[in-house]
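Common to both upcoming complexes is chain A, partnered first by chain B, then by chain C.
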Partner chain A sequence: MKPVTVKWQRNLFIGTFIVPTFVFFCIFTIYPVVQALYYSLFDWSGMSENKTFIWFDNFKDMFRDPIVWRAVGNDYFLVAGKIVGIMILATFFAVALTRFNFKLAGFFRSIFFIPNVISVVVIGVLWNFIYNPQIGFLNAFLSLFTKEKVDIAWLGFTSHTIWMLLPPAIWAGIGFYMILIIAAIQNIPASFYEASELEGAGQWHQFRTITVPLVWEQLKVSIINIMMTTLNGSFVIVWIMTEGGPDNSTQVMGSYLYQMAFRQYHFGFAAAIGVLILVLSLITTIVLQRLLHQETVELS
Partner chain B sequence: MALNRKTAALGIAAMVALMPLAGCGSSNNDNAGGASGSSSPSPSASASPSESASASPSESASASPSASQTKLTGDFEIQYFVGGYGDKWWKKVIADFKAANPDLNVIEDGGPKINDQNKPRWIGGNPPDFVYIDGPNLNDRQMVEDGQLEDLTEWLQTATNIDGDKILDILAQAPQQYDGKIYNIPLVLNSWGIFWDKALFKEKGWTEPANFDEFLQASDKIKADGITPFIHTGKYPYYINGAFLYPAIVSNNNDDYTILQDMAANKIDAYKSPAVLAALNQIVQLRDKGFIDKASIQINHTDSQMLFLQHKDAFIPNGLWLPNEMAKDVPQGFDFGFIPSITQKAGGKVVANTSTATVAIAKKAKNKEAAKAFLQFIFSKAQASQWAELSGAPSNIKGDISNSNAPNFVKDAAKYLTDPNTVVIPTITFNADVDKAMQDATDALTINKITPEEWVKRVTDVVAKVQK
Partner chain C sequence: MKAGIRNPVVKIIFYAILVLWGLSVLYPLLWTLLDALKDNEQFLLHSPWALPDMPLLWSNFSYVWNKYNFNQYFLNSIVVTGGSTLLGLLLSASTAYVLARYRFKGSNALYLLYISSMMVPFILALIPLFFLMNSLHLINTAIGLIFVYASSVLAFGIFVLVGFFKSLPKELEEASIMDGASHYGTFFRVMLPLSQPGLVTVAIVNVLNIWNEYIVGTILINDPKHYTLPVEIGIMQAEMQYRTEWGPLFAALMVTIVPVLVIYILFQRKIASGITAGAVK
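Coming up: the complex of A and B.
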């Protein structure tokens, strides 16, 4: 009799945590996803009382729309650019601030983390000022070295304007991943480094053979997290800085979704883009998991 | 981790297959039910007026010149967006209307976010009775296409305002027609156009332009003096389209604005007219002469207006709300010069592309009688001058407002727009897809990415797609 009650109590205890979470997950994650899938099968303006069921016509239109392809390309460009930029810089800063004992490490750690405390909206506005052709910092700075005043429209190139969104995105991302990697590095026992030093290993060798394998799990999480937040969240910085312009050259899937749903009144089509984002995020996550799979080195 | 993700993906996929239709159909009904339950407290009021209104729409409201003869009762709900024109006039006119109809319970739905707040009710088929169509996320053409607005065509043929004047006769700009039908009536008469600073022109000895040749000559001098002649709002290209391109198309079409109406009706031939190419080539001229500020392409309206006020640029395409909008930042001594269009030939007529906000009655309104009476109430001369005074923009009702307390630039604008030598383009709303295509294409044109011919090709492709 007694063991059953204990077991029941245990289940009740676990249930009180799991059931509400599961319910909220269903309401706030599963239900909207299903809802989006549902709407993506309709021709709906987003305001009308009537929706027309059109099967997969929205998806057919979507694959025929060159702007969608450009948006997907831009999204993956941002993913790749941010992974490379953020991971290199964050790892570099993390190693620099932990492995080379210099005095101002704490100070720089705070400095590098500051962009993470600022809202992306503020970052977008800030960089809009940096890029402003007339009164912007960048042109003013470049003008110091030239005779003529520099008047480049940094966000107004005929193509490849998406490149200009990379610096703010990287700048905004470094701090968090740096802290993550710092924490991982500090978990590595100092004796490993001492031993390798006695064996005559230099800093680079230590980095390659001790640091990277032992923080690999954190690097992997960082890369996948950058990928997911970019595919789902690049909308904010794009919308603040360019609204997808000029001439759709900086459109990402999120911004095009917004444009279609709320500016051009194609809610069903926008929902289809949402489904595309979901599918691409899932596929990319699985692919990246596979690619980054490496025997985890366990500390014991 | 990987496994969990995979199972999650599988789970979602399974749900995709099974759940959506059943689950969401019911949720929609819930939404509609919830909205209607919360906001229409008197279902009895909803049944009777609409029946009587549909039975005798023209007799009940328009035949009697003063609406107050028929006693209005029940609830009457007004949705109005609060933006650049403020809400002072709405508060005032609603108070006046209440005073005239003491038995009517007027409910106000006003605010800067009201379009979003009331959206579920429009979707759920329980809209407010009367709507002021202005601000984001509310598009008159889309509302007409979605069948949400009451057809006013017949009623307007005879409708008179509370003073006994026929409403159609006193409107400065006619309502837009959708396949020959009228659903919404313009309330505001504002105009796009080109601005400059008269004081700066005087100081530098430049001539204020009255036509395109003079504009080019002045721009040459301005450029020689080290100032960029022309800045626009590239992030929102509807500014340059509204203030430069559309008037130019009309000027090049012998001042016949029906070409724009044909374009809005998605007639491809209208887009292929030589007038469109000629107008686009006027933009190309500005571009190739280096008159367009390179900053334009990436900046929003506030930034472009600030640069203009700081004399970094001499001309800006904008709307008559500009002095009001930037009131706090206008430097001392700045004197706004304005012309509705700059693309006409020497001696040609000025073309004013109007910008407006309209009012309409919901198709599913519960108190159409009151809504029509409210239309008769607001389209009167007294309310017109009150609108100009309280909102800082000219009203769409013909009449002399020179004696009202409206600000000076409003009076000037009104003078321009009622001048017989001005071609006034009545309000036009393009299909949202076509509008976006034109904006993108114009942007691309100003940065030398496409040619005018490619502009036409791009836009006609979208028009063809929209027609389907």
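Coming up: the complex of A and C.
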């Protein structure tokens, strides 16, 4: 074979293996993302073909819209609540199931991951029934301790209803991060723990001086991942459980985008909310990277 | 050598926390099954944890399966999940192999492009995707949904499989090329069989994610003929406000959950290794 044909064959192979995927990726991922940035500069009701270019007016409207601000607040409330709730419980479970010599550790690990394989829609419906005022689990449970039958509409408060969405979000998220942290702990050489045990160190001391510093990278990745998935995806559970209500009090950026686009047909405005989500998640990633990086220095 | 916990009181408290959390996970599943066997009267008159009355209402299952057309939605979910998992795997494995083994101009940039797309919120693409699919006449089609889902799992697949291909020994490929096999022959006859564990891991994680996906399905499908299971669950739950059929709703949840639970039980280790591999960025 001539060298030219060898090279040609190699290139042909690379081409046939790279190009289809790339074309596909361009059409269904890159093109829509770029289009979204473009749409955010238009006043557009979607169905009619007349789009009006309005520069940054959608963004101006957005910053004047109190619901957007409330949505941003709710998003960060969920981010903070989920980071605290998930990280504490997931870390505790990961340590308990690897370091504490519990019987049935493998069994618990399998069970704890189950919520992560169930669809968010199903989780939303289940928790709706826990909170249901007439036939719900929570009210029936509370009624055991009261004379009158409790009939609180848990998802009907005009303020603080967003708190009710935190337990399902935490419940559904723990298993995934627990598995990540368990994998990180299992990578720590056993000799580290053995050495400190010889010195008579207790579990708490080992946790602080060995486990946390050595799985810090994984904790950091988990925290950033929780933030990103919350800003990008928490709206699904919000949409299933409250549709952003009552009176927009549980609206998050994603659910407001969905409502604006597919219920009210303000596609340009909705695209602008999408851009806001992108910008905020990038900024928050950078901020968290900085904050968590300093911690590592202090610990080591 | 592990010391475990020395203080027995602390040990009992920790154990209790684990058991409580385990119950909080298992009980809702049991509850879903039991409630799927009740009629409306039992929901209103008895406490939520009451066992269903005899005879058990297994008819709720046949009711959602036939009257709510869950037979159709179940089939749709299988077609869409299967199709997009296979297509996604084919597209990501081919690119991942080339990126892992061949150097060419722009190969690094291409890899970074795929990986960084994981940082972009998917919801941003939702509106343009709707109009794109509309103009391609792919709204309300299984194939449209398959294309979007396959594309949404590319980055994860490429990331995990590049790592996997790199971990395989190069000697076998070199021997195969020496024997005069083409690049294609080497890939299909030598590398693909070797990479089966990695492919299965990626496939399983994708199957779970696609089977459970709700929002894209809701936006791209509005013809009941093409609903997937999560899309129909969302609609059923919204209808419950004026049409109370709680038993059938729980039966519908069971129909949606059981397949993923079976997959989870069968492939637990694969799933754990898949998410661990995918998160080490």
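By definition in this document, the second predicted complex is superposed on the first by the 263 of 300 C-alpha atoms of A that agree within 3 Å, B and C clash if a C-alpha of one lies under 4 Å from a C-alpha of the other, contacts with A are read in each partner's own complex, and residues count from 1 in each chain.
What we mean here is this: a contact is a pair of C-beta atoms (placed from the backbone, for glycine too) under 8 Å apart; a residue touches a chain by one contact, two chains touch by 3 or more.
All values reported here derive from a predicted model rather than from experimental measurement.
Q: Putting chain B and chain C onto chain A via the overlay, clash or fit?
A: Taken together on chain A, chain C would clash with chain B, as the superposition shows.
Q: Using the superposition on chain A described above, determine whether A:199 touches chain B (first), chain C (second), both, or neither.
A: neither
Q: Look at A:286 in the shared chain and tell me whether it touches chain B only, chain C only, both, or neither; answer first, second, both or neither.
A: A:286 sits against chain B, while chain C stays out of touch.
Q: Applying the document's definition of touch, where does A:28 land relative to chain B and chain C: first, second, both, or neither?
A: After superposing on A, A:28 lies in contact with chain C but is clear of chain B.
Q: Which partner does A:45 contact after superposing on A: first (chain B), second (chain C), both, neither?
A: first
Q: After lining up the shared chain so the two structures overlap, which partner does A:179 touch, if you call chain B first and chain C second: first, second, both or neither?
A: The second partner, chain C, only.
Q: Which partner, chain B or chain C, touches the larger number of chain A residues?
A: For chain A, the partner with the higher number of touched residues is C.
Q: Touching A:262, do we find chain B (first), chain C (second), both, or neither?
A: It touches chain B and chain C both.
Q: With the two structures laid over each other on chain A, which partner does A:134 touch: chain B (first), chain C (second), both, or neither?
A: both
Q: Would you sort A:148 into first (chain B), second (chain C), both or neither based on which partner it touches?
A: Neither chain B nor chain C is touched by A:148.
Q: Go through the superposed model and pick first if A:156 touches only chain B, second if only chain C, both, or neither.
A: Only chain B is touched by A:156; chain C is not.
Q: Quick check on my understanding: which residues of chain A belong to both its chain B contact set and its chain C contact set?
A: The answer is residues 30-31, 33, 35, 134-135, 262, 282, 285 of chain A.
Q: Give every residue of chain A touching chain B within the complex, in rising order.
A: For this pair, the touching residues of chain A are 30-31, 33-35, 37-38, 41, 45, 47-50, 131-135, 151-156, 158-159, 242-243, 245-248, 259, 262-266, 282, 285-286, 289-290, 293.
Q: For the complex, which residues does chain B have touching chain A?
A: It comes out as residues 1-2, 5-6, 9, 12, 15-16, 19-21, 23-24, 27, 119, 122-125, 136-137, 139, 142-143, 145-148, 234-235, 293-299, 303, 307, 312, 432-433, 436, 440-441, 443-444, 447-449.
Q: Give the list of chain C residues in touch with chain A in this complex.
A: 1-6, 11, 14-15, 17-18, 21-22, 24-26, 28-29, 31-32, 35, 43-44, 47-49, 91-92, 94-95, 97-98, 102, 104, 110, 114, 117, 119-132, 147-148, 150-152, 154, 158, 182-184, 187, 208, 211-215, 219, 229-230, 233-234, 237, 246, 249, 253, 256-257, 260-261, 263-264, 268, 271-272, 275-276, 279-281
Q: Tell me, which parts of chain A touch chain C in their complex?
A: Touching chain C: residues 9-11, 13-14, 16-18, 20-22, 24-25, 27-33, 35-36, 39, 46, 89, 92-93, 96-97, 99-102, 108, 110-115, 117-122, 124-126, 128-130, 134-137, 140, 171, 176, 179-180, 183, 190, 193-194, 197, 202-203, 221-222, 225, 228, 231-233, 235-236, 239-240, 254, 257-258, 261-262, 267, 270-271, 274-275, 277-278, 281-282, 285 of chain A.
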